[in-house]
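If you scroll down you'll find the structure; I have some questions about it.
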């Protein structure tokens, strides 16, 4: 699949060693499940339990029709090779890769996946990558990261908590401290055909503040966001789905545009204004997203 | 001419196939006329009418003493070669090139102009380029774009509407969604001796909001802005021209500085403060702009 | 020393030819003394007086235990070689280099220092560099600058006044015009292990406004700021020192983390949350800074 074929409004983290949270996640309609092997799976003894859990859920068919991206441990953790080697299996769409700083980190991870694909007999580029952007380096090198492995990298997701720790900055209630990083991630991703995903919302229980951030996220060009708590999902889907007005507008645009082509007029007119290629492109993108939502199991 | 020799406070788009708007534009004092062959010239049959119109206006001397930059169609439009081949003529200063994403797009366009210059016998670098920055890629690659064709590229102009469509973001009343892009464009241009031009103002009839944007544009380092409607020009010129106070300050700076040199003192003093090279540079730039305005026909 | 070993909350400029200001600076507890040979030393006759002054103060032991970085004149000034050749001596930690635009400017300056080190018999990399980021180019090329001379470049400092003049922008009371530059400098520095230092505060006598800027500076990831007037130092140190709460938090984090390792648990827990590597890293950084402050003479 290409990035435009993925529905990525909500990507929910689930600690994969935790049966209760895994079961709970199955009943939720997050677009993507980020089954975590990394930060929320502690101590290290739980890493193998988490991997086994994911394999068991897949074998039991419980993750059928779900888009599943395990979040693996980073290259320096001592766990990464087991994570990907064991979980490069049918039923896994790809992996979320943490703590990258440069394009070469993603290049490395892509080549690691390729090596495993050759060994296991999967077609090349079977497994996709979502890169976590959670260091100042990754923000500054966002374009390098987005182009380092184009056949696999479908999305980049901002992780503002590790970012802030690495930056040595401080969160503020207006999110000024992460404003520039967000804008650069969204622009860098869109410039290279990659889906930008906004950071987790750090005040998990403040839904009003979540809404403010969803509005800003959409303005800046994000297509979805990371979710820690299922109660965030309804608002996230509301803001990252096309509205009825947008759908009606898009349908009219395409209809007028098709009529103009049929009638050999070359270009459509609406309210005395010509409908240019960027508007047609935007209309198609809205309807494609609507279509993905309509066909999604939840 | 070098970028510093251009007066570029207002650059007004005019659909070149539209006689009435062309005539009207001649009576307006926009510093630069962007005679459009692209988005506002629809359907395709009008493209040749627009080209012929520009040639006719030049032949009739109606564009004498005006700085004229046709906006050509992009590389994938099927119209670009005719646009530039037909209009690389005396009376045209250069071309506005749309939808670039990388430096190599500008490099390509520069080489295309060079090829035409060789064929038609114009000196190399006769025709200048204004690059429209209207994709997220162009914003992120602003320095690459500004250095790809240094003898021709005199200005970059932000086009926030196509930018927003490509970004998949949403405009907001505070313009937060384009804030970072604007800052990066102005910094990237100035870092490379290129004139940064701010985006068209999307609320064409809200002059109060225009004023807010002019203030922000100047703060961020822009030297002028794109104009859709002639009624915006007076405010645009007011904000992008040096004020009487600035001119008086600049004249005093230069006078003190020259006196200091004559008297062998090396450095001038004003209110007990030394006048450093950046202030002298700023003063010269203010007076150069004043001079350009005084010598402009309108 | 590595960047993390430097305490750089306050870096105060002192015109080095001015005995009174030099004496006064000695009684102040700025973490770093930027003994100026550049903009504040005018006319040119005073440059040698300033160099001699620094040598005299060092010979008299007056700068013992102080971190001293002369600010040299730029490459085009005609003074740079004398500045560094005369002052590459014991007692000088390194040099602040002004007006760089690209990584290659810092590379040049690093090689110049190396040449002098070979001639004078100093070990390579004895003299460190603080790069002033005061052109739009330096902001846009911040990563290139931070990686051009990694063994010497310990900090980058934003100089917003020359930046604004080169940008041709205008300061505003909310500092919107320098917001993006600040964020990019802090991210670019931290991405490469370099200490980011915030700009001088232009309203020297408005301490309330200084405080607003200190809060923003910390949020964006700066570790300290440039100081023009000694009366700014107490507030600067207050904001750029870890608070008692931060120190208590950091101590608890490290204690829990060490206990967990001793007991073979692999990971510590606090309030039912695991203490991940980024939190341990942040805790160590807080305590390292506390330690530097405790050991500082003032």
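Order of writing sets the labels: A, B and C. Residues in every chain begin at 1.
By our rule, a contact is a pair of C-beta atoms (placed from the backbone, for glycine too) under 8 Å apart; a residue touches a chain by one contact, two chains touch by 3 or more.
Keep in mind the model is a prediction, meaning the values are calculated, not measured.
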Copy pair chain A, chain B: interface residue numbering same or different (half cut): different
Equivalent-chain rotation between chain C and chain A, CA atoms, steps of 5 degrees: 120
Centre-to-centre distance between chain B and chain A (centres being mean Cα positions), rounded to whole Å: 38
Residues of chain A engaged with two or more neighbouring chains: 179-180
Of all residues in chain C, those that touch chain B in their complex: 39-40, 42-45, 101, 135-137, 139-141, 161-162, 165-172, 176-177, 179-181
Contact set on chain C toward chain A in their complex: 142-143, 179-180, 183-184, 186-188, 190-192, 215-216, 218-221, 223, 265-267, 274, 276, 278-279, 281-282, 285
